[in-house]
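Note that the chains take the letters A, B, C, D and E in the order they are written out, and that residue 1 is the start of every chain.
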Amino acid sequence: EDVKIGVILGFTGPIESLTPSMADGAELAMKEVTDSGLLLDGATVTSVRADSTCVDAGAATAAAERLVTSDKVDGIMGADCSGVTGAILSNVAVPNGVVMISPSATSPALSDAEDNGLFFRTAPSDARQGEIMTQVLLEEGIKSVALTYTNNDYGKGLADSFQQAFEAAGGEVTISAAHEDGKADYSAEVGALAAAGGDRLVVAGYVDQGGSGIVRAAIDSGAFDTFHFPDGMIGSKLEENFGDEIDGSTGQHPGTDSPGVAKYEEIVAGAFDATSPFTPESYDAAALIMLAMQAAGSKNPADYKEKVMEVANEPGEKIYPGELAKALQILKDGGDVDYVGATAVELIGPGESAGNYRQIVIDGGKITTAKYR
Amino acid sequence: MSDSPYHDDHGNKDATITNKAGMGTMTPAHRKSGKTQYVGGGPFLIGDSMTGGYGKGPDILHDCTIAVDKGEIAVIVGPNGAGKSTAMKAVFGMLDVRSGSVRLDGEDITNLSPQDRVVKGMGFVPQTSNIFTSMTVEENLEMGAFIRTDDFSDTMEQVYDLFPILKEKRNQPAGELSGGQRQQVAVGRALMTKPKVLMLDEPTAGVSPIVMDELFDRIIEVARTGLPILMVEQNARQALAIADKGYVLVQGQNAYTGTGKELLADPEVRKSFLGG
Amino acid sequence: MDFLNAFVALSNFVLVPAIAYGSQLALGALGVTLIYGILRFSNFAHGDTMAFGAMIAVLATWWLQSIGVGLGPLPTALLALPIAILGCMLLVLITDRLVYRFYREQKAKPVILVIVSMGVMFITNGLVRFVIGPDDQNFADGERFLISARDFKEMTGLEEGLAIKTTQGITVVVAVIAVALLFWFLNKTRTGKSMRAYSDNEDLALLSGINPERVVMYTWLIVAALATTAGVLYGLDKSFKPFVYFQLLLPIFASAIVGGLGNPLGAIAGGFIIAFSEVTITYAWKKVLTYLAPETLEPSGLVQLLSTDYKFAVSFVILLIVLLFKPTGLFKGKAV
Amino acid sequence: MIVVEDVHKHFGGFHAVDGASLEIAKGSITGLIGPNGAGKTTLFNVIAGVLPPTSGKVTMDGEDITGLPPHELFHKGLLRTFQIAHEFSSMTCRENLMMVPGSQSGESLWNTWFGRKRIADEERALRAKADEVLEFLTIEHLADHKAGQVSGGQKKLLELGRTMMVDAKIVFLDEVGAGVNRTLLMTIADTILRLNKERGYTFVVIEHDMDFIGKICDPVICMAEGKVLAEGTLDEIKANEHVIEAYLGTGLKNKDKLEAGS
Amino acid sequence: MSEPVKNTLLFVLVGGLILLTGFMQSWNSAVLILNMGLISAIMAIGVNLQWGFAGLFNVGVMGFVALGGLAVVLISTTPTPGAWSAGGFGIVLALLLGAATVTAAVMIAQKMSKGRARTISLIAVLVLGFFVFRAVMDPNVAAVEAINPAAAGNIGGLSLPVLLAWPAGGLLAAGAAWLIGKTALGLRSDYLAIATLGIAEIIIAVLKNEDWLARGVKNVIGLPRPVPYEIDLQNDPGFVESAASLGLDPVTASTLYVKLGYSVLFLVVLLVLLWMAQMALKSPWGRMMRAIRDNEVAAEAMGKDVTRRHLQIFVLGSAICGIAGAMMTTLDGQLTPGTYQPLRFTFLIWVMVIVGGSGNNFGAVLGAMLIWFLWVQVEPIGLWLMQVITAGMPDGSALRAHLIDSAAHMRLLTMGVVLLLVLRFSPRGLIPER
């Protein structure tokens, strides 16, 4: 028997550079499971990719429709951007009763989306990140920041939740300015940010999009020399792009001190960029789908959708990347697993990651862990 | 006026996307020159029994012959749409001559591209838009000498001697000149190639009587230097009066041929083509 | 002192970036305007031509770096530039041969060429992503700064820093050289004049013995050189990302039109106008005013006319205003 | 009928029309001549609403029409033809004529959906009228030909025909003769005379051909350098020194020499 | 082969492609392609009206489509409690003030004679008006946006049936088009292309940044539908039974039922618009438009008000795009301003019109269906192709990985190739104008 999992990500469009690694992450999990031969009755898991374009709801829906109704996938790993994720959820997943686990859609609005228990995400809602960010900055003794965000639901949502939390805690946001990704020039934005001033510049953007452009222009003009980076900015690209120029900058992204990430990087073994944003989440999302199937003993979404929360959370044996075979075996034997995975998966509320964060600091041009929260 | 599907722009006049200023309409029959052949004899320039038309359209010229010899002025007249301009274009290689030939000084140049005919010594002044309006008078003349690699300053002096007003306005954009002056620039540009033969298409259309007289004067002067001139004219009576040879074209065919005086005297010609 | 500080702050955040960005736009707009003037259509594929040229430069730079060739403090990409220009020339000539020439021979209306150029845009777009992928590529090396903000502060003792990046310096220098060359070429050389003649009156150019296909070829070659230079300078200054070049198309067109389509001088002026308007009108004047105004009058808000979200809108409104008063752009363009 | 009072039209610093004043009498065929660049076409364009004047006033039957756009002047009975025929080339000759009358109810979108009966009736009448005009011009056989594919002279006739589709009061003709074969030109002249007599149109005609002017025009106005230089019958004008100097000239100088030489 | 036969065959071909999708992939995919194809067809008719019949080069389709989407939010969502009293009226007041400023400026420009006095008063009015506008607008906007920002923060809609949003979207787009047309078509040279290109970007910028209007980039999701929800159908025993009697499982039956419901609605709109366009074209109005297209100067001299007619057709075409935009947002069930991209919503529509045959409404419809089909299907086809090509290569080879990764980019490339091929071999499009 064959299991098909749809991988629907924006392979073209504004985040086209993130998605290949994300897809690779998900497919790594599938390969691991297939190789183990333990899922259901030795099922092979195949991945069916489709392009969400990140921005075009129409094309994304069409692609998802094709995955579900023609390729007959048994679950969807995706989508990536919150906008298309919402569209696919309400137009395809819910009507067809297919489970959908997004690795990266972080918009707070998705928490209340009508989903019939079919939608999960291995990324936390940005509502939580704003609070964490506030804590980090205040502990650093930063009272006043300038804030710029990528102008989409992720950036705006994160910026809003942060600004609210930060101001409530007594901090000052001197300016909150959006930046468009993929634009030609950011000197106007940096000019405004510099004029407003602040002890640190919070960049709620994407590392290989406008976010880096802003940081580059800010450093070059001497407007800011330390920054604070939320999840979208943290990735190997950051070290590559700026090295020790941003020493002393801080940040946080979903993560725990669980050894998951290291293990993940180990099994990736350089096959693709394991530190690229949301690739561990993608691995986890795919893994969760398959583990839930095993737990339900069925690849029918209606059966296994109940099991997702069970395999993701306690109780049970902790499962890390590379240990999927073990988990499948345990489940087969009727045992319980607590999937930790690469991103310390812990699903709460409506089925989204609880949000453990790794606080980082840039030191000697490297992203180093300060602590976990 | 062809029906080519590529010619429909739906009345678009959006200046952001297209620029119609100075757009070309001429389509050379040969982009690359073929062989020429010396055959010898005949008048200096002759389009001999030419038959042909535009693109894949119907034939417009039917066995039409026009010629001019050294030291002569030859004038072509005829009703609108008779094919006068078409015949000129055919001689200049802007149109595929399906049968017949064009010979210059005894050499068969039927297969030459227009550029190479310029090199061979043919000068052509079209009826309208015959100057570079955005360039100065002097640059216009320089462009006339584009194919020349030798020093052309003395030719330029000769042109200035012929048209003294142009020397005065040499650094002014040609677009700022009056109608008559523009025509002088146009002829001057053609002379700059040091042509062996000059072809003019209705040089006096829409020109006031005084300028027309002046132009004819200049044309006569040029002709007297020994340069053969082949021209199309609607001001047929004046033109035929100075012509050594006249052709009346009707529907792409030679209807009457003779000296200028003969044609002027022919009552049939007067009635049908010269307005009585 | 305060005045100096205010001036330095303004230079740092407005003048220097706007001049660099303006030069990049101007080079792009020159390409657009040349095609418009000589080939008579707006080339929607220009942004992607820039991307293609820049892509070759990136690849060549990597190759040069891998064999250890460099320029010391200057970016290696400058060495790669000629290679890239050649590559881009090849592309445009092939495109012209396979695509545009057919329509030229048919004497197709320019608007057909506009739509054809959209097709070429789609294809080049796909091609670039196919070869180098959609990602950001950083290929700048060498010394980053001519003078960094920190050094400047130390040197002058001012509170405000002034940073000038090597790439900004190079951008302006190369742009000036390119523009000077172009002007010399168009106004003084025989070929240049023949291009102007062709642009003025195609038929008459033909009758003067000017070979149209040569003019077209030279135009494409120059456009390829300009586009590659613009693309590489832009990529050096920011970074290379295929998608961004498509986005550049709009400000480039705006520049060319403000200046007067078909007019090279206009393209340059337009580039700077668009760049300056984007940066100035949305600039928050707080910092500058704080230096200039007496303590008591210090502004409390940001003193920002419009938020940066609308920076593009601003340059666009300026475009409309200019056209309202000067229907053919600042410098008389070719338009009706 | 038309009174032009001190009209100026400047292009930048250049004064194309520089204080021209003239009057056009009802029922006349007025000829307008003058050297190239005298400002004739520009004055036409000002009167016909194509160009706004820099200063000055144009009245028609006492009503100020300065600066009104062409389509409004059309509705007042002021029509013009073009130096180069401006036919609607992709439409048939009949359609070229049928489109002319203003205030057709079928030109309102609403009626095209909900007033189709009325449109059909109007169209029938229009068609009859167009055929009548084509016959008058002796080109009825071309009714269904595309206007872009008829000969140059026929296009000019079509131009004239358009003015006959409505009750024109005054028609401006810009260089009908340029590049037109002289024999055909005389036919056109006959048509103009007929329209003037049978329908009472007033004409203003720009032309460089003195035979043509002489055949139909009275009075003749000569412009030079943006001003009116002389006005009167053709013979008066021909005798006017200034006109000779600026416009008519004294004939060829080289003619005899050429003949002597050959 | 005669014209009508050829055209019918082309339509049959495209229909066949969609049917093939039904057989090869799934009926749901097929109907979805059909639905978006129908919407695209309406957009294409709008563009075709402007381009094919009046030569207006509108590259701002995206903006009008987005405005249609905005209408759906403003018409069909529930009003945010307290938003109107908090600042809604203030915002309206500010907008009126802004409009008044512009009107005053225009009047000054028209009434006063040229000179320094005019320039100064013009600038004074504009500057003053701008600051007054900001002073009234900003606090009210802040007040509205402060209301429950995570879930609302906008003024909400009117709670009217969503179908009303379609004509409303048309009206909104028409209003914007009127403003644009008044300015751009009034410029002495025609600069419509750059004007529309820029204004489309501005419209998107407003939609993205004015959160009080429609939540900006935070998106509005869960918009009301004109058709039932699948879940409700699946839970309706009557429906399940009738589905079973057709031999369908309830999930497939319900999803198909809903989609076909949309198809019927879209088809009705398309047919009505098509009928209206055809009627208009074959009337004296159409003749007048053709005359204007052929020769503007002459048409003007023959008493046709060219500027007004251009404005009329520009507004009409844009309104049609607005209607299509509203329909699309209704189909998506959400408004996501970040998704509006010129490549997809402007250039792709242009490809549809040109490939189909500009100047012919049926051509536009055909082009839209065909190109949309390709836009959706080229990706899986490309992937399949790449897999076939790379099948022989060793696993894990870099080239193979690269090729497979690149498959997704085939889409743009294919569109380009299709466009160029059609322009080369059938330059007037598949169904040319007669």
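In this text, contacts are C-beta pairs under 8 Å (C-beta built on N, C-alpha and C of every residue); 3 or more make two chains touch, one makes a residue touch a chain.
Which chain is which protein? Per UniProt: B, D = ABC transporter ATP-binding protein; C, E = Branched-chain amino acid ABC transporter permease.
Predicted model, so just to flag it, every value in this text is computed and none were measured.
Enquirer: Starting from the defined contact criterion, work out which chains touch subunit B and subunit D both, please.
Expert: Touching subunit B as well as subunit D, we find E.
Enquirer: Just tell me the minimum hop count from subunit A to subunit B, counting one hop per pair of touching chains.
Expert: Minimum step count, subunit A to subunit B: 2.
Enquirer: For subunit E, which other chain has the most distant CA centre?
Expert: Of all the other chains, the one whose centre lies farthest from subunit E is B.
Enquirer: Report which of B-E and A-C is connected by more C-beta pairs in contact.
Expert: Pair with more contacting C-beta pairs, B-E versus A-C: A-C.
Enquirer: Taking the mean of the C-alpha atoms as each chain's centre, how many Å separate subunit A from subunit D?
Expert: Measuring from centre to centre gives 74 Å for this pair.
Enquirer: So what's the Cα centroid distance for subunit B and subunit C, whole Å?
Expert: Centre-to-centre distance between subunit B and subunit C: 43 Å.
Enquirer: State, to the nearest whole Å, the distance from the C-alpha centre of subunit A to the C-alpha centre of subunit E.
Expert: The separation of the two C-alpha centroids amounts to 32 Å.
Enquirer: Note the residues in subunit B that touch 2 or more other chains, in rising order.
Expert: Only 6, 8-10, 12-17 qualify.
Enquirer: Got the subunit C residues that touch at least 2 other chains?
Expert: 42, 108, 111-112, 114, 129, 133-134, 253, 257, 307, 309, 328, 335-336
Enquirer: If I count partner chains per residue in subunit E, which residues reach a count of at least 2?
Expert: Expected reply: 57, 189-191, 193-194, 208-209, 294-295, 405, 409, 411-412, 427.
Enquirer: For this structure, enumerate the chain pairs that meet the touch criterion.
Expert: Result of the pairwise touch check is A-C, A-E, B-C, B-D, B-E, C-E, D-E.
Enquirer: Which part of subunit B faces subunit E closely enough to touch in the complex?
Expert: Residue list for subunit B touching subunit E: 5-6, 8-17.
Enquirer: Where on subunit D does subunit E make contact in their complex?
Expert: 48, 50, 69-71, 74-75, 79-80, 82, 86-91, 95-96, 98-100, 102, 104, 106-109, 111-113, 116, 119, 122-123, 162
Enquirer: For a test of understanding, state which residues of subunit E touch subunit B in their complex under the given definition.
Expert: 51-57, 189-194, 292-296, 358-359, 427-428, 432-433
Enquirer: So in the complex, which bits of subunit A are touching subunit C?
Expert: Subunit A residues touching subunit C: 12, 14, 16-17, 151, 175, 177-179, 182-185, 187-192, 194-197, 208, 212-213, 216-217, 220-223, 237, 240-241.
Enquirer: In the complex, go through subunit A and note every residue touching subunit E.
Expert: Going through subunit A, the ones touching subunit E are 11-12, 16, 20, 49-51, 53, 55-59, 61-63, 65-66, 68-71, 82-84, 86-87, 90-91, 94-97, 107-109, 112-114, 116, 127, 151-153, 155-157, 160-161, 164, 178.
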